[in-house]
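When the chains are written out, they are named A, B, C, D and E in that same order, and each has its own residue count from 1.
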Amino acid sequence: MNALLGLAGLLGFGLLLEVAPRVGLVPERYFPPTSTILGELAGQVGERAFWVAVGDTVLTWLLGLAIAVALGVVVGVAIGSVPLVRAATSSTIEFLRPIPSVALIPLVVVLHGSTITSTLILVVYAAFWQVLVQVLHGVADIDPVARDTARSYRLDRWARVRYLTWPTALPYVVTGVRLAATVALILTITGELVIGSPGLGQLIATARQSGAVPAMYALIVVTGVFGVLANVVTRAAERRALHWHPSMRAEVPA
Amino acid sequence: MTAVLTRVGLALGLPVVLVAVWWFASAGSTDFFFPPLRTIVEVFGPTWFGERLVDDVLPSLGRLAAGYAAALVLGVGLGVLIGSNRWVRAVTEPVLEFLRAIPPPVLVPVLMLVAGIGNGMKILVIISGCVWPILLNTVAGVRAVDGVLEDTCRTYRIRGTLRWRHLVLRSASPQIVTGARQALSVGIILMVISEMFAASSGLGFTVIQFKDGFQIPEMWSGVILLGLLGVLLSMLFRVVEHQVLSWYHGSRTAQKER
Amino acid sequence: ACGSDEGQSPNAGEADKVTVGVIPILDVAPIYLGVEKGFFEKRNIDVTLEQAEGGAAIVPAVVSGQYQFGFSNIVSLLLAHSEGLPVKMVSNGNNSTGVDGEDFAALMVSADSPIETAADLEGRTVAANTLQNIVDTAVRASVRKAGGDPTKVKFTALPFPEQPAALASGQVDAVFVVEPFQQAVLGQGGRTIASSYVDTAPNLTVASYFTSQRILSENPELVKRFTQAMQESLSYANGHPDEARAIIGSYTNIARDVVARVTLPKWPAEVNRDSVQRVADLALEDGLLKEPAKVGDLLP
Amino acid sequence: MLTVDGLGKVYASHGRRVEAIGDLSFEVETGSFVCIVGPSGCGKTTLLRCCAGLLPPTSGTVTLSGSPVTGPPEGLAVVFQEYGRSLFPWLRVADNVDLPLRAAGVDRAERRRLVDEALDAVGLGDAHRAYPWQLSGGMQQRVAIARAIAYQPRVLLMDEPFAAVDAQTRADLEDLVRSVWQRLGVTLVFVTHDIDEAVYLGQRVIMLTSSPTRVAEDLTIDLPDERDQLTTRGDPRFTELRGRVYAQIQKAKLEGKAR
Amino acid sequence: MLTVDGLGKVYASHGRRVEAIGDLSFEVETGSFVCIVGPSGCGKTTLLRCCAGLLPPTSGTVTLSGSPVTGPPEGLAVVFQEYGRSLFPWLRVADNVDLPLRAAGVDRAERRRLVDEALDAVGLGDAHRAYPWQLSGGMQQRVAIARAIAYQPRVLLMDEPFAAVDAQTRADLEDLVRSVWQRLGVTLVFVTHDIDEAVYLGQRVIMLTSSPTRVAEDLTIDLPDERDQLTTRGDPRFTELRGRVYAQIQKAKLEGKAR
């Protein structure tokens, strides 16, 4: 049901963007109607270069996301579990977190040139903070009564992480992954666009430099579709992993 | 007193160590792109505390403030609307996720068509990125309003603005604040991005100009300035948060102690 | 293309693998063409072309050894050189056509604009793809030439693709565009008020291929072969514009009918040293450079 | 008069179907004090929520003074079982009590008086400016009660309001509720699982079976209107009535098991 | 033997100083059943947490079988007052009961037997696969009790474990706890604010004053070991002991107010 409504929403949005340029609300030259964009997209889909770029982008994106999540979870649990370490690192985290990843572009270009590695570094850097901050919140959220319960029954360190810390932090991790997925996607495309590493972003840059407006929009649509897919997947994972969580219990209307 | 000292020590300890490591590790650096920290510090003052403060830094901050404030209003407003209606939520979610996934740099040309190349466009770019964390968190916060409180309002016939102010917004406020905090760091990034494309002044523009002009120590000083700015804004944010959410932190602590 | 044979590599063993950083624009058609024609292969160079966003990203990549060679406009190279980066030009890149009103780049205004000459730009805003670079230097040269005061012209950074729309909607008073965006502006009725590259210097060398001092000292012989291959490519492209147009379609997205219409740059084999010196002088005058450039050290 | 007629409620969610209330009918005279007892999970809270118009019943109706209840009627107050969650954590104690009065458009001076009186009545005269989470569970519960009292409802529904307080405070609060009831002439429905409490407080005790819930017995408590913790609980009639309720519940429980 | 010697606990946080326990000393014989009563907020939970080694006392010591308690000792189980928060919401009921046994390295078959037995004993034989939050409050509390029973502790600390259950279930659980105590020979410390319950259950009742907490009285309950809800509660000696405790608490309360 929700999927149908969502689809309706997307269709409506597409229709709006079809009609607006057609009735002259926005200049058609720079705002091609949906049908033109989709037509262009259909053309792109037939080309090998498109799929190679999609492959590069998806690879960079997922790899960067995976590294960021793994790193964020491990570092977050490690830092969050020890209050002293948490206190000692928090100011540094506050400093590093807002440093715009775009400011690192010259740096990574120097180190790795216009390669996937450069973009990957940007992606990991940006997505890492999303996960880390969430995990830190999650670990801090352990219920003291639950913690006392675990202690009084003498669960060892590993059992505590496995049965207490991890489940408590999991909802936060999932939120972190959802946020990080989008940030990683955005940085993947941006990196490709600005650094020129191979992928959809680079195709977008080329299309822009060539003044090929519909082609550019077609590629942007692909990015958006990735975003929607990422949301669908993380939502489904959320429902499976967190079926016990209050937010999921309330999902079905009473 | 000792408690305050401990906190200050903990807050400054690691940064001091890291800066020291950087200072000494880079001291003899001949690498063009990794100048000694000493050099960077030396150029920092002359680079930023002159005309640039007025011509570049302040206008950038002004745009950031404007965009951030607008995103706050927009995000909370739309978030409350979407969060309190299941149908609206179902219809809009994929569209929002679609729009959210579009990287701001590719959005810039589109926004230029809408808002020109002046401050308006840059503020729009900042809004276009800042609005998402606020919007999504507001939606989540509004959805999580406690059922018993909801019932309390219904039985006592607390409705209209009183209900919005005292139930919906307040109970969503911890989440909204979380979103607003994320949006702040996003905002700084977008302040830079918005100046990457059509600008003739600004903090981000200047940093990029340094990069393109191979003035590497100046570029580094800009990156550091951006970091410091982030810290400063996040400290400011914390002060505000402390005001707005004192009840929340208090009740959380109380729950933990009980 | 003359004299290229004498440099042909005698050691027919393993080919030297070389990565060249380029920008996906018309200007680099010769190297694509050269690779296709085998001008590099026959000198035992195995070229990979990497597309980067702009010259500013290519310079650090070449200096750090990520790329062995790169393509950049000469002002970026002058700036890099003056900041102490060890860069060295190895071959010409591309030149203006030298024909006023028929260059591959132009200073343009919209159809109904009151602006007639570059001197009218005083107090107006001009869009340039990057600031403190070759474009604004060239535009200022046009203003000077037309008798205006270049310090009174305001510039705003705007990527080429966005310029036609910005001009049409009146957000800027003039743009400086290269092909294919010159065609786009013409298509919306825009007028050319100056050919700034032509105004800057006769047969201005706009961009060049370069390498790092390290490559030069470690493998001067490779650099020599690369230069020769480049020169052959340039000459070939200059002599076969149709083939150049055809290859442009392969690495850009420019629509076929537009490619057929665009004005191509000139691709002489040799760097126009006087023009580089002239640009260096202008950059000094405009404040881009803080001290006179040692142009001789940069030139091949 | 509050009339519950053929009330039934089925929860169906997550593919699980729970018949919380089978078929309930009873009446509560205007101004009377009725206690409802029943085993845990028998649907007491569900019943109260239906009476308050917070939950649409699956079958049957609730009528208040002749008009059917579809949403929370005017002049109704509820003290919820989850006292901790029914107070606004971002409002101070006095503001929590004040908010419904503001919503009702009571003027400032009058509001102030009502809030002060109500908080004094529950023994929290000095807690005006505290936040709810700074109070113990029992104190929080008293704030919720004060809010209901200050509202001066015509109908007051209370759902196990004393579960979290200690014996002594509980006794005090029981007496408070009775005095409020007598003073305001409010119609009071009081849910508890403490049999002694039900007998001590009410004019009637309605006993429910475990689900699907029906009325097991409707017992009139013919104790004198003036009650106090010592004499009333010592009264042999009290012991007798208490025994009646116990036996009934035991019976309902055995029946429930046999089914 | 569990010895509490000169125990004191001061909470100091956020600039606020609360002396939760003043100076407490008492002993609990191995295998005995001691009830602790006291007004709300007098420090009963604090005392229990110190005994469990979960909270370091500010002064004094707790000793179990001769060795000082610094962390949770082996063979100890606690049933927390906040039952709802001591169950892991991400584990099913049976897994909640099972987890401490797994941590203790009990083998699978034995674990299974213990879990089944314990859940049957608390009347939740059919709730194995439910999640805690799918149960009513009373049922959740019973899960926590089942977990403690299955663990077969040598020392069992229970903090107002029956606050959320209805009268009948409560009576059943009281009898269950007594039978478990007799069967396992466990040392049992039971905190409650229900005086009747304390007298009915314990061999001794320790009454605490309100804070700063001290022992007001330590009363031996000389009722026969075989107890049942009807006869024991009807016993005149029960009424007498109960009266003693009431009077003592009333006294402590008045003293507290006078101070």
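Here is the rule we use: contacts are C-beta pairs under 8 Å (C-beta built on N, C-alpha and C of every residue); 3 or more make two chains touch, one makes a residue touch a chain.
On a predicted model such as this, the values are computed, not experimentally measured, just so you know.
K.L.:
Determine, using the mean of C-alpha atoms as each chain's centre, which chain is farthest from chain E.
P.N.:
So the chain farthest away from chain E turns out to be C.
K.L.:
What is the chain whose Cα centre is as far as it gets from that of chain D?
P.N.:
Following the centroid criterion, the farthest chain would be C.
K.L.:
From the C-alpha centre of chain A to that of chain B, how far is it in Å?
P.N.:
17
K.L.:
Which whole number of Å gives the spacing of the CA centres of chain B and chain C?
P.N.:
Centre-to-centre distance between chain B and chain C: 39 Å.
K.L.:
Using CA atom averages as chain centres, what separation in Å is found between chain B and chain E?
P.N.:
About 49 Å, centre to centre.
K.L.:
How big is the gap, in whole Å, between where the Cα atoms of chain C centre and where those of chain D centre?
P.N.:
Spacing between the chain centres: roughly 84 Å.
K.L.:
Two-or-more-chain contact residues of chain A, please, as numbers and ranges.
P.N.:
In chain A, the residues touching two or more other chains are 27, 30, 106, 110, 193-194, 208.
K.L.:
I need the residues of chain B touching at least two other chains; which ones are they?
P.N.:
Within chain B, residues 33, 109, 113, 211, 257 contact more than one other chain.
K.L.:
Note the residues in chain C that touch 2 or more other chains, in rising order.
P.N.:
Residues 60, 63-64, 159, 161, 165.
K.L.:
For the complex, which residues does chain A have touching chain C?
P.N.:
The touching residues are 27, 29-30, 106, 109-115, 193-196, 202, 205-212, 215.
K.L.:
In the complex, go through chain C and note every residue touching chain A.
P.N.:
21, 23-25, 50-53, 57, 60-61, 63-64, 66-67, 159-161, 164-165, 180-181, 184, 252-255, 258
K.L.:
Please give the residue numbers of chain A that touch chain E in the complex, ascending.
P.N.:
Chain A reaches chain E through residues 143, 145-146, 148-149, 151-156, 159, 163-164, 167, 170, 244-246, 249.
K.L.:
Mind pulling up the chain B residues that touch chain C in the complex?
P.N.:
Within the complex, chain B touches chain C at residues 32-33, 108-109, 112-113, 116-118, 197-200, 205, 209, 211-216.
K.L.:
Tell me, which parts of chain D touch chain E in their complex?
P.N.:
On the chain D side, the touching residues are 38-41, 136-138, 163-169, 193-195, 249-250, 253.
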